[in-house]
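Going by the order they are written in, the chains are A, B, C, D, E, F and G; count residues from 1 in each one.
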Amino acid sequence: MPILDWAVTATFVILSLALVIIFIRLIKGPSLPDRVVALELIASLTVGFIATHAVATRMANFLDVAVVLALTAFLAAVGFARYLEKGGERSDD
Amino acid sequence: MRIEVALPVIIPLFFGALALAVWQWRGVQRAVGVLGSAALTASGIWLLVAVWNDGVLAMHMGSWQAPFGIVLAADLLSATMVLLTGVMGLIVALYSLVSMTPDHERFGYHPLLQLLLAGVAGAFLTGDIFNLYVWIEVLLVASFALLILGGERAQMEGAIKYVTLNLISSLILLAAVGLTYGMFGTLNMADLAAKMGEAENTGLVTVVGVLFMVAFAIKAAAFPLFFWLPASYHTPPVAISAIFAALLTKVGVYALIRFFTLMFTEAPEVTQTILLWGSGFTMLVGVLGAAAQFEFRRILAFHSVSQIGYIIMGLALHTPLALAGSLLFIIHHSVVKTNLFLISGISYFARGTHELKDLGGLYRTHPGLSVLFLISALSLAGLPPLSGFLVKLMLVRAGLEIEAYWIVGIALLTGLLTFYSMVKIWAEAFWKADPRGEEAPANGAAWPGRGGLWLLYGPVAALAALAVLMGVAAEPFLQLSIAAGEQMLDVDAYVEAILGADAR
Amino acid sequence: MLFAILSIFVVAALAPVVHRATGRHSGWVLALLPAALFVYFASFVPTVAAGETVRLAWQWMPGLDVQFSFLIDGLSLMFALLIAGIGVFVVSYAGRYLEGHRDLGRFYVLILSFMGSMLGLVLADNIILMFIFWELTSITSYLLIGFNHEQLKARKAALQGLIVTVGGGLALLAGLVLLGVASGSWELSEILAGEDSLHEHALYLPLVILILLGTFTKSAQFPFHFWLPNAMAAPTPVSAYLHSATMVKAGVYLMARLNPELGGTELWTWTLGLFGAVTMFTGAWMAIQSTEIKKLLAYSTVMALGTLTMLIGIDSPYAAMAGATFLLAHSLYKGALFMLAGSIDHGTGEKEVPNMGGLRRAMPLTAAFSVIAALSLAGLPPLFGFVGKELMLEAALGAPDALGVVLPLLAVASAILVVAVAAIVGLRPFFGARPEYARTPHESPGAMLAGPAVLATLGLIFGIFPALAQPLVVATATSIHGADPEMQLKLWHGINLPLGLSLLSLAAGLVIYRFWDSVRAGIGRVMAPAFRVAPERGYDRFMDGLVWFSAFQTRVLQNGYLRTYVMVTMLTTVALVLATFATLGGLEITVSFADILVHEWVIAALVALAALFVATTNSRLAAVASLGIIGFGVSLIYVFFSAPDLGITQVLVETLTVILLVLVLFRLPGFLKFSNPLTRVRDVIASLVVGVTMTAVLMATLGVQYFPAISEYHIAESEPSAYGRNIVNVILVDFRALDTLGELFVLALAAVGVYAMIKFRAEDRKS
Amino acid sequence: MNLLALNLLLAVAWMMLTGSFTANSLLAGLVFSYLALWVAFNRKADHSSFFWKVPKVISFIGFFIYDLVKANLVVAWDVLTPTHLMKPGVIAFPLRAHTDAQITVLANLISVTPGTLSLDVSTDRKVLYIHAMYLQDEDKLRRELQDLESRVMELID
Amino acid sequence: MMAGSLILQTGTRLLLPLLLLFSVFLLLRGHDEPGGGFIAGLVAAMAFALYMFAFDVYKARAILRIDPRNMLGIGLLLATVSGVPALLQGRAYLTSLWWDVEVPLFGELKLSTPLVFDIGVYLVVIGTVLTIVLALAEAEE
Amino acid sequence: MIELLTAFLLLLGSLLMLLAALGALRMPDLLTRMHATTKAGALGGGTMVVAVAVFFDDGAVTARALAIVVFIILTAPVAAHLIGRAGYFVGIPLWEGTLKDELKNRYDPETHTLASEDSEASSGSTEKRDHD
Amino acid sequence: MTAEPLLAILVGVLFATATYLMLRRSLVKLVIGLILLSNAANLLIFATSGLTRGAPPLIPEGMLTPEGPVADPLPQALILTAIVISFGVLAFAVVLIHRAYEVVGADDLDEMKDTDT
């Protein structure tokens, strides 16, 4: 289906662009919470990539990865937050 | 289906798991420590007898036909190594009953030891290169945990180097396994042995072989990849050092032997040359490292490096006699080096130090220990008719028979320097007058009571007896090792035994 | 025979018990053993004298051609009798000399073990068996020299002796194995009887050199002679035994033994002849410079060993006879003199000859036996030493080529000096003025005099009636020469050149004795650097250098810096890989970047960038967060290429790793800039090399698949045979369940380790 | 509503996950979710039970999605335009809601309504701190928040 | 002792059973679809880790009821022993055995030694992660 | 038709993601960035997953897609709250255009309790403290 | 051949960065280097045995074998095992550096060379 394939490719490109942009935020920081926010969004982007890939390949099984991702990426944020609360190095630069 | 092939793996796994499941009960842990290793020893004997009678044995795990499943396979080399593992485990387990503190036991010493043995036995028995990686990791992580047990600063420092370098080794190994699978589509050693010759790009295949070599050489602590060993071996409690000395590097050496007699044999001009150079440097650098040390256990640790050089030398020479020499050297070194570590433990109980300058007078106060030390130390140095001489003779003869003069020269020079180091310990710790003065008590505060002494001295005496026996009643050992050496070079028979046998 | 030798070791092991049971008579009781052995060996004399040899063998290690085989011929019987015979007196002497010493029991163990080793050495027919006993003599002598081990001097001397003899021993081992390989036999009797000479064999040169290294070190030949005088740190019975009769002669024995097979070449003759003669002269020269009585004797032993070596090298009937005679004579007088020196020490507490004098009244028997033994040492008629010296000079004169000039000159020079030495040790302590001694001089007890008495007297008897020694000496000479020398032992050879030389040496020797003090102080030191200082300094330099070099190389290699280790490890890997490619070729890369989708490029690039960021950022937490990105990116790569299970696992593990890092990191300080720019540049280069190599190797394997993958079976059988539709999971829990089982244990072990790491010390602090 | 209801809810979740809407699947879901609840609710762990109404939850999800879309359009505008229109600030919002569930749901809903983000609840649970993007009219914002709070309290008792 | 987040705690009360359920789901269907004992175990362990983050170590230990170290050992035993029935039948270690069991609630169930094995994996993974995480968190406090 | 809807949802979702990313890059401080990511990110992810559900039109897939949406809804606000709270707690500076900050000085630096009104006990939470 | 060359380059980058990190003096960098290295090894296995898009090794319900060619499941199983093992080892390493820092008091490997020489 050409439209869908075109859309899938466009989606991949858009997501890639988003990924690059958020990566810049991750590198720039400046604070750890900023980076964690970026990481969170990257997890969401990964979900998006997986969803797109599932459509592109017509394989629904890949969605399982997204399920796990949606659940656990949150854990990392919780971990970072706890780190900050416990008084870890924060300005970090 | 031969159950004896799998038992040496299942037994310590089971006992280790059991001990972990009831880790709160120290009594059970201690019983597991001894019973597990005793059962492993028994199964090792069973296996060796079976292999001696029936040739190469295999068990296809899960009943999946080789090469599709994982095969556990035992030839004489494997079976001997497994039995060695059991014996060493038992000896150290007994010794540990007295030498380990209750805290060490509470924090899992006994299951860790069992699982170390399981990993070692698994590595010796597996006929699958990825499975080998897994078992190496099992024994490695068990050794990590044992290494840090107690949490001293030195242990942590040593462990960082140990962990880092061994992890690098594991990852190189893993990469090599992957590359091998990519090229040959199989992981089974026998299958690989059968297919290896058909690869057109020998260079590429040999490069993968070299990656394996590096990985195993790190595990074996060969030059110039041995750094982790002298940095860490002397840091944990002595029973742990002892079992490390007995088994850890042996797995690396075993794997080198397995890989470069069975599989990567297409370009001996490269692989054996590297091994030969490596063995020469390993011998010399190790023994010189020992000469620079003035601490009981550090000397022993550096010597472990040096002795590995001898074993690799046998592999590099690649004749039946040389390979037999390597195998016997492995046994010899395990027996003797373990014993020396155990003896250093007793001397530590007596004096509270491992520093040669602070030791002294042990010959006066502990004549029995002195004799046991002399036997072990002189055996390590290759004094006839002890075990060390037998293996040295085999390697020297094997080397001279194929005109590998310079390596024999290095081996002999290393022997001399080994004498030097052992005599240094003897002169300083045993002969020299006790620097604390004549009146100082013979034994430190931690010296165990009468019952405990049996458990300290019994294992040491048993190993010393073994070192003597190997030299004096050498013929059975010789026959075994020569048969093993010939078997190692008979690749076709091995392949036939593994791939030919049918399973599901 | 086997029983005879084993019995010694058994008795040795029991000696402390015997010692405790028999108290002060233990010396005599234990001496019964060598006495019995002496009788036993003596029973072979008729057979051997009749020109026969006896060979006895028991199986040991056929796999390595090692067996308990023994050969009794003239040479081995001569040695066996000396060892057992002198052993009788040494043991009994020691029982009294060391009476009350707390370690006397251990001493018996060692001396008897040594005796057994020495007997085994000289009797062994199998060359490996011989080597085994050879090494045993080294180690037992080490323990004996270091008997007074609480003294640093004793330990040092013991170590020196051990290093030299064991070092030589290892060369000998190589030589003997080469001998076995070259000759195709491991039995001396077969090698000697072999038709083919080894002279033309390619291995002849190396094996001779190696064997001689062994024998020269053991027998204290120049320049290895320095250890022997230092070995005088041992108790006197040991000196008497090891350094007169037995151990040091092991090298001589072996050269004599192999002479028929290896001798007769220029190499052999010149090496033995020259080194022997130089050693002979060195020993004599050094002796004259020494003042301590045991040192004097020790150096004269060096001289004797040189003499014997020289004689073996000359390899004529004369030389063989001379060697056999000299061997016997020397053992008799030197054993006696050592024991007598011990008596003097025992009786006066004095070791320095210049401080001695006038003891003939206080110690009449000691004096008498000393004089007899010293006369034999000096080579005066009618003592057996004279017989030996005459033959020796005769043999030296008969040496081939230029040796025929050099050897007699050195021999005469040595003989002159030895006369002086004999006078110094045999006359000086007993005559002249009597100085003050530490102890009131008193005669030694019977047990300490019995040995010297018998040995000295035998020297006299054999001198007057050489025919008594004739059968054994001839048999010995036959073994040395490989053929019957067909010669009679005679005290009187008529007036000839050797006699003249003897007389000359006597006269000159006495002159030197007269001016001994000034000789010592003056020209005596001239050649000391060459003879004593240089070789020993060489040893010291070697040992110091060894310690220095080992410390140096260890500092360089094992320097404690993990990054050095990592660098070496990585670069070694790369170097070996590249060297292999360079040698064998095979680095063929054919890759295409055509079929890569945009988002795959982006993800891969992002992972790479994140990795670079991780490597360069100065923020630990930023690094950890970037690790998260790498994790997600890698997970996506797995998903893109059909590995959902891997994707899930990667995500979970990465998240967990991040959590762990976060849990752990907050106590650690931030990154510091440690390294300087230059180091970083170096590290970047090294890292690039590693990365490029790995990429190259991987690219070379892409598209290379020689065989279909075994996973075709897994794909086909997953559902039909293993009832699972997720093939990866089926592989994990069924096809390759053993991997997973091991993996579980890895996890569990890591947990146990972590738990111990965190809790163990914590508990320590509580208690 | 009680744990039994939660159990039922989880069983439905199970069926959704397995994608198998059969009686067997429901039974299995009930068993497993019972076990999961048994693990999750433990007296020692100091839990208070909470109640939930399924239909309202579902309608709430719709409400949530609606808000989410709205929120995004506003933010999009601000992101895509070169200058920032926003007047952000943190306000303290006094709470009438008093149960954990009410407060949590409210806080989460606030996080997804336009321009507001819940930062934290005071330890005494009297105040919710909120970061707002557009504080141009704070009173209006507070009224909207109170309205939301009422709806939540009605849903969850 | 620091004050936790009410929002997180309340969220966790809902997420914990959900995650546990999800983990069982992943475990049971792992033989046929992506999942399996390891993945399931990680999810379950993370659920408890989340609980620990939201509340504290002691409450997390309380809710676990069983010490994770014991769970480790039990899981290992289960996995190790799952291969033994085959041995008793004279077949190779870890040979899978299958039973079709009719269970009133679940209908026809495929019970098998690989399932037992995978449950062992599940327990070991939970035990491992929690042993480490709880110990680390305790050390912090 | 389904393909068209799928394509639309995919593109919409990805554009929302892009929006979130742009927001995270362009917004001036942590909290305002979080507004962007929490909302656009969650909605974008949800939209794309719904696209998958629409595309496959299968009970199991739809169930999974819904599960993802539910998980996102459950976790995203909680995570945002935690990060915001933590960021606030450790004193990440707010944008200079921020009008007011009623949370300032309400955290107790030791116990991390949050007061409902200004009190003397809680002060200085936004100052950097030395934890070693 | 699909994206294997791309992965080959990525693997090289990961090896290089991991090596660089392990050559630093910081414990934390060391352990991060190890993490990267293990990722690199896994990707290497993945790449060397060939990449396949959109065909996971799963068998549709009711069928005995997959419909068409699928990605090689065996390397996936190997990598999965390797990931888990690496996780265990790295978890240990992470805690180890933590403890080492506690006992030594510095995140500096140069302070940790007492056990050698």
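The rule is simple: a residue touches a chain if its C-beta (ideal position, glycine included) is under 8 Å from a C-beta of that chain, and two chains touch if they have at least 3 such contacts.
Everything quoted here is computed from the prediction, not taken from an experiment.
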Subunit G reached from subunit B - shortest hop count over touching chains: 1
Using the touch rule from the top, work out which pair, B-E or E-G, shares more C-beta pairs. B-E
On a CA-centroid basis, which chain has its centre farthest from subunit D's? C
If we define chain centres by averaging CA atoms, which chain lands farthest from subunit G? Would you check? C
Subunit C to subunit E, mean C-alpha position gap in Å, rounds to 62
Distance from subunit F to subunit A - Cα centre to Cα centre, in angstrom: 12
Can you check how far apart subunit C and subunit D are, centre to centre, with Cα atoms defining each centre and the answer in Å? 84
Note: subunit C sits from subunit A at a C-alpha centroid distance in Å of 69
On subunit F, where are the residues touching two or more other chains? 22, 34, 42, 58, 60-61, 64, 67, 75-78, 81-82, 84-85, 112-114
Per-residue multi-chain contacts in subunit D, two or more chains: 13, 17-18, 107-108, 118, 120-121, 123
Taking each residue of subunit G in turn, which ones touch at least two of the other chains? 22, 27, 30, 40, 42, 44, 46, 48-50, 53-56, 58, 61, 74-75, 78, 80-81, 84-85, 88-89, 91-92, 95-97, 99, 109, 112-117
In their shared complex, subunit B is touched by residues of subunit E numbered 69-70, 72-74, 76-77, 79-81, 83-84, 86-87, 90-96
Could you please specify the touching residues of subunit B with respect to subunit G in the complex? 130, 133-134, 137, 140-141, 144-145, 148, 151-154, 156-161, 163-164, 167-168, 170-172, 174-175, 177-179, 181-183, 187, 227, 230-232, 234-235, 292
Going by the contact rule at the top, pick out the subunit A residues touching subunit E in the complex. 61, 64-65, 67-68, 71-72, 75, 78-79, 82, 85-86
Touching subunit F in the complex, subunit A uses residues 1, 3-4, 6-8, 10-11, 14-15, 17-19, 21-22, 24-25, 31, 33-34, 36-38, 40-41, 44-45, 47-48, 51-52, 54-55, 60, 63-64, 66-67, 70-71, 73-74, 77-78, 80-82, 84-85, 87-88, 90-91
Can you list the residues on subunit E that touch subunit F in the complex? 1-3, 5, 7-8, 11, 14-15, 18, 22
